[in-house]
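You will see chain A twice below: alongside chain B first, and alongside chain C after that.
Here is the complex of A and B:
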């Protein structure tokens, strides 16, 4: 049937998005109706988008070119190209949008009559559309336009709650991303200079090797800023907490992945990897991001800032996979390259699911308690049991615990790291061993971090009034998160179907298929390496652990006999009662790691005592502990101060206000032009 | 014919040298008047020959407009503006006159150098008339820089305009009529606005020394 082709499905999905946005604007007086129409439109459109993408990946391997608009102005034509890679990113975008929109129906209730909800919907849909255009852009000019629209709209979404902090966050975000965009623009210009074309799918043979390396560096900086890799990650911990939670779910879940798309599309597909150092550079950046991201996340007590730093970590893990694949492709090892890039793409998908889910969970907590500070939470598992279970699922997924999806992709990343070790090739061997160690360390730290997040905010007693009065969030919010949690579990248990999807994408970009190498049945995925066959079966592990738990329970029951339940207060060491203040705090929990990693944090502490009549009875004591934001203090601040000083000096010396000085500038310009005319 | 034009272009150049070596504001205005008269003469001769040969009268009309505007009306306006300002003795220039004249000589050499490779407009040889009139543009500009008082800037602007007009005349035998008219209208507007501004500056700062304008900077 004609209307079921991927292109027409995508076309209809875009039309429905647009209609939803327009309807949202028309119903601006009725926030309820407006939310319902806009978000259900999004859900429907995203389902169509997902169908289109799946159909594209699974059945049609031909690249589709859709040009809805051709202009007479040179290079300005909207040309959309759908191939397997674009389809894959549209697929993950659509799945996330579907869940987030479902969630938003409930979540946006607390904005009614406070903010312009219909404007929010229009921006939200515009943001989704701009990402679709980024993924399908066929020429660099259109790509850049879509990229900038995405940046600008997300800026407005970040400052949507418009408080002072948000405006600063928005400013940092837009300045950083525009610096990145400038580098992208230079790279596109280099591309045009040599090939006389902005076609992304064209050939890059005309570009000399040095220019290619230069383009690689510019692409890396440009996309790196968007992805939030260390050291250009500074905008992430500001922008994500400032945005409304459904937007930060989209931003962290899929927007930073546009950079991963860009890296694969432009460096792997367009430039073709020639030099080994490209991959090694990406690998090193990935290692640093993975370690530092999680290390800074540990010290955060603002739930959304913590999650933002985890995005840095996960982007690092994705980049480790990407780096290995680049190294492997440059060495001509197609199979390993395919494996590594599948790991990287699968982790992109997984991260979208669980990080989107975690941000939605943070939104639920904020919705119920009106705070983002985990030191003020506690005991939420009794008030919001459904949310708690889902946040636990996502936490397990991000910590790469077995029955969930994070484990699968990290396992594949490990396997590709081990496989690249070849005897007699010292440099890369050392780096990949270090990378494996770094990955292990970041996994352990992430687990610690989520023990802290879950333990402090959901377990124990409520630490403040707002946590005490929390109530379960609306069903639509829980449904949205539930779908994501289900996906996490299904991918974790049955990874091979999703690996097949990823494998088709990898086949379309590199021409290698790894699914054959990952032999085994529906449940088993193993990758043969030279030494011995490594195999893993998540579902078997899950079944085994379930059996062990049940068996242990049965054994205890059998041996111990009937257990009588006795309800009694916990022994309180002779105090009259236990108060929430006696609980372990997040600061206390992270203290050992703060001491171990003090070289990173440069922590400081201060005890202020107000003395009373006797030194044994002080009136008040204040204990303050802080860590230094190293990058901001030692990299960004000196740079900003220098720029400010330079600008001020220019203002004082060049823009003096003297008419004569201005006349002299013009005169000098005229003379130089005349000289140029003579000599040229 | 070419002989007349060579002579007149040299005279126009000379008049701009006279301008930069003047010290009094009334003398600036008078020199500008003389320069405009010379330009009107050039336009008259060129217009006459074209009227005789090709039966077109637009350059003659422009000649009349120049006489009316630049020789009579604008100098009159400037005298009036100057009259509104109380007479005050102030040093008007940054450098002393001999150095200014030497720099202007340098500018003439520079414009000769810069135009020397586009002599092919009227033939194989270098077009000296264009060199001279281009030098007038540069000298007018330099005059604006070297004078402190606002009337100096107005005169400098008018000299630049004169230079551009003569350059156009010599290189293409006159611009299209409508362009010339447009330029004249621009010029009248500019001079009127600048006249008003000078009076305002004088009221505000009790001087027409435009150095004081730097106080306006935020």
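Here is the complex of A and C:
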């Protein structure tokens, strides 16, 4: 059947996306119909996309080249190429799009008659398509065009709920990503200068070693901005809260992963890793991002800003895996490189699932309570029980707690770190053990942060009217999240099946297979992951836990007999009834860590007292506590001031407004060009 | 596939021995203060009584509050299965390793912290908040310590590390093991809510951490929480005892008798480590909450120096 090849499936998937977008625009007068058509089109198209990707990874291993459009202009052709790596990222994208679209059917209801929903659908679908093109681009020019389209469309999506704050968010986002894009463009130019080709799948042998190192640095900066690594992460906490939640889910779930794709595609596949310091640099960036991302997340009380900082953390964890693999590949240790990169790819997949899910959860909370501030929430578990269970699942997954998927990929990362430490090496050993410590600390801080998020917003008593009046969200929203939560649990319990998919991808990248290292049988062995003698069997642990819980319950019943349970108020030390204001707040919860890690936050506080007749009975007291945006204040602001001052000076001395001066510039430029032409 | 004998022996020994540790520590402390103290078996009586008592549940709480004791207890028990009390029986090493153990405890801690916030009481939130800080600071030290010890044995599975340590004579005079032993001792004290990190014997809001989270619990839920905490304590003590003071190589007979002797020696070691912890508790005072980072840093630095000594500088 010709119809079922990966390329034709992908082709049909793209056609359906386009049709859905056109239908959405056509029905702009009927927001309900338009949403239904567009989002169900997306669900169908993403199912086809996932089928195409799975078929590509599991059955057809060779690279497919689809070139639908060849232009007469040199180097500009829309050449789409599908190989296992592209297919893996399209698989992640498709799974997320399927769930987010299902969710959007319900979520978009509160935009009806307020915003142009059909324009939203067109942008949303354009965003998805641009990401598909990024993942399948066969030459650097097309890659760059798709990359820029993705950036621009996501900009419009960020400012979709346009208010003043969002415009600033959009501006920071577009400026930052364009700085990154400039570096990418320079790297592509270097590529062309030496190889005379923009072919991504070509050979990089003609590029000298120094130029390769330069390209590596440029790729790292260019993709690093998109991924949001420290210190170029500043756009993330602005853009994510500003965008509608389903868009944040896509942006954090998959758009920042295009950078991971780029790093693997251009550095590992195209340049080949030659220098150990490349890997060590990535490892260091990963460590810093993992720790600082989660540390800043702890101080945020806006759910979506908090989640945005967690994206920084998780990109850090992905980069730790990637860094180890680069180090291992540069040392010629293919097996370890393969193991580390599968840890990294699996974490990419996992992060897409749980972070996408968490942003959808944040959307649900906002949908039900109309606030993003967790200080105003509380007690939502009773109003929104289904959402609560799913947010709890995602919180456990992101904190790398068994039996969810986050643990599996972090375990693999730990094992790669464990394997790379060999007595005698100096730098790599120290960095690796520090990376292990960083991973542990980020896991514990993430747990603290999600206890705060879940505990303050879902448990306890409602802290405001909006939390008190919340109600469960529509079923389509919960279904979308539920699929993601199910994926999180299934990957956590049966990781080997998903690792086989990842392994095929790793095989196509590096030619080594790690599934020999990751032994695991069928149900009899309950899918243990076994890396050279160290093993975990999440499903056995899960079954054992279930048995122990049941046995404990039965035993207690046997020992203690049937006892009564009395409902009573919370212990109030014998004073009056407790009010919701007496509960711990998110600010209070994170206070100990704010004090311990004060060097990162530079916290400040102010107590204002309005005095009454007696100093013992003040009329009112106002306590304010804040943390400083350290990176913006101490890195970006001085830099911006310097740039502004420099620009001003240039303006006064060079761009004077005098026509004579401009004529001299033109003359000089022509002269220089002629000289250059003569010499070259 | 699953080693049933191992599971049975392990579960029985762990559940039976865990409350004993609390008794020994309390008795040692009492004797050092010239008091008679409660009987060594007091916690058993308490637990047995609590199981029979009716419970009072706050009406603000949700299902999290009711599920938490079971999850905490189960996570501790399953984690303890990954740290064999004796290497005489083949363990279930393929089911999990020390990293899994750490994250199982994290599961228990996650739910304990949530339970603290569930009743909308200030005490619970305070306990959770402090626990979040302490655990975040101590977690890197745990991983570095366990990885350093694991790296010398080239495994992260506790069974295989213990098997390896049988071949190392007098581990505690080697710098890497001595340093990691002290680091793990500090971690044990911090993880099990003991002085100088937390004071298990008071209910004073200025100092309490672990007890604050459990304040709303009563009856069998409280019993499960307490038992879970003491199992966690025993698991860390088992790590200390069986990794750094290996004993199984001295048993020359085989069969059920060997297992019995091995368990007896294990219990003696547990008593020894418990007394060590009690001495540490008696001879220090509770630290200010914001001095705990220094203690965590000390544990981290000790294990890091151990790592450097063994893997970077060479032996």
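By definition in this document, the second predicted complex is superposed on the first by the 640 of 680 C-alpha atoms of A that agree within 3 Å, B and C clash if a C-alpha of one lies under 4 Å from a C-alpha of the other, contacts with A are read in each partner's own complex, and residues count from 1 in each chain.
Methods note: a residue touches a chain if its C-beta (ideal position, glycine included) is under 8 Å from a C-beta of that chain, and two chains touch if they have at least 3 such contacts.
For clarity, every value in this text was computed on a predicted model and none was experimentally measured.
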Which superposed partner A:648 touches (first chain B, second chain C, both, neither): neither
Partner chain(s) touched by A:58 [first = chain B, second = chain C, both, neither]: neither
Touching partner for A:570 - first (chain B), second (chain C), both, neither: second
Which of chain B and chain C A:396 touches, first, second, both or neither: second
Which of chain B and chain C A:660 touches, first, second, both or neither: first
Chain B versus chain C as contact partner of A:589, first or second or both or neither: second
First (chain B), second (chain C), both or neither touched by A:580: second
Touching partner for A:674 - first (chain B), second (chain C), both, neither: first
Per-residue contact with chain A, leading partner among chain C and chain B: C
Chain B versus chain C as contact partner of A:206, first or second or both or neither: neither
Residues of chain A that lie at the interface with chain B and also at the interface with chain C: none
Residue ranges of chain B touching chain A (in the complex, touch as defined): 94, 110-111, 113-117, 138, 141-142, 144-145, 148, 153, 210-211, 213-217
Complex contacts: residues of chain A adjacent to chain C: 378-379, 381-382, 388, 396, 399-402, 407, 411, 414-415, 417-418, 421-426, 429-430, 433, 436-441, 443-445, 447-448, 450-452, 454-456, 458-461, 524-525, 528, 530, 533-537, 540-541, 544-545, 548-549, 552-553, 556, 559-561, 563-572, 578, 580, 582-584, 588-593, 595-596
Residue numbers on chain A that touch chain B, as the complex places them: 655-660, 663-664, 666-667, 670-671, 674-675, 677-678
Complex contact set, residues of chain C against chain A: 1-2, 48, 51-60, 62-64, 70-71, 73-75, 77-78, 81, 92-97, 99-100, 102-104, 106-107, 109-110, 113-114, 116-126, 128-130, 132-133, 135-144, 147-148, 150-151, 154-157, 160, 215-216, 219-220, 223-224, 289-290, 293, 300, 304, 307-308, 310-312, 314
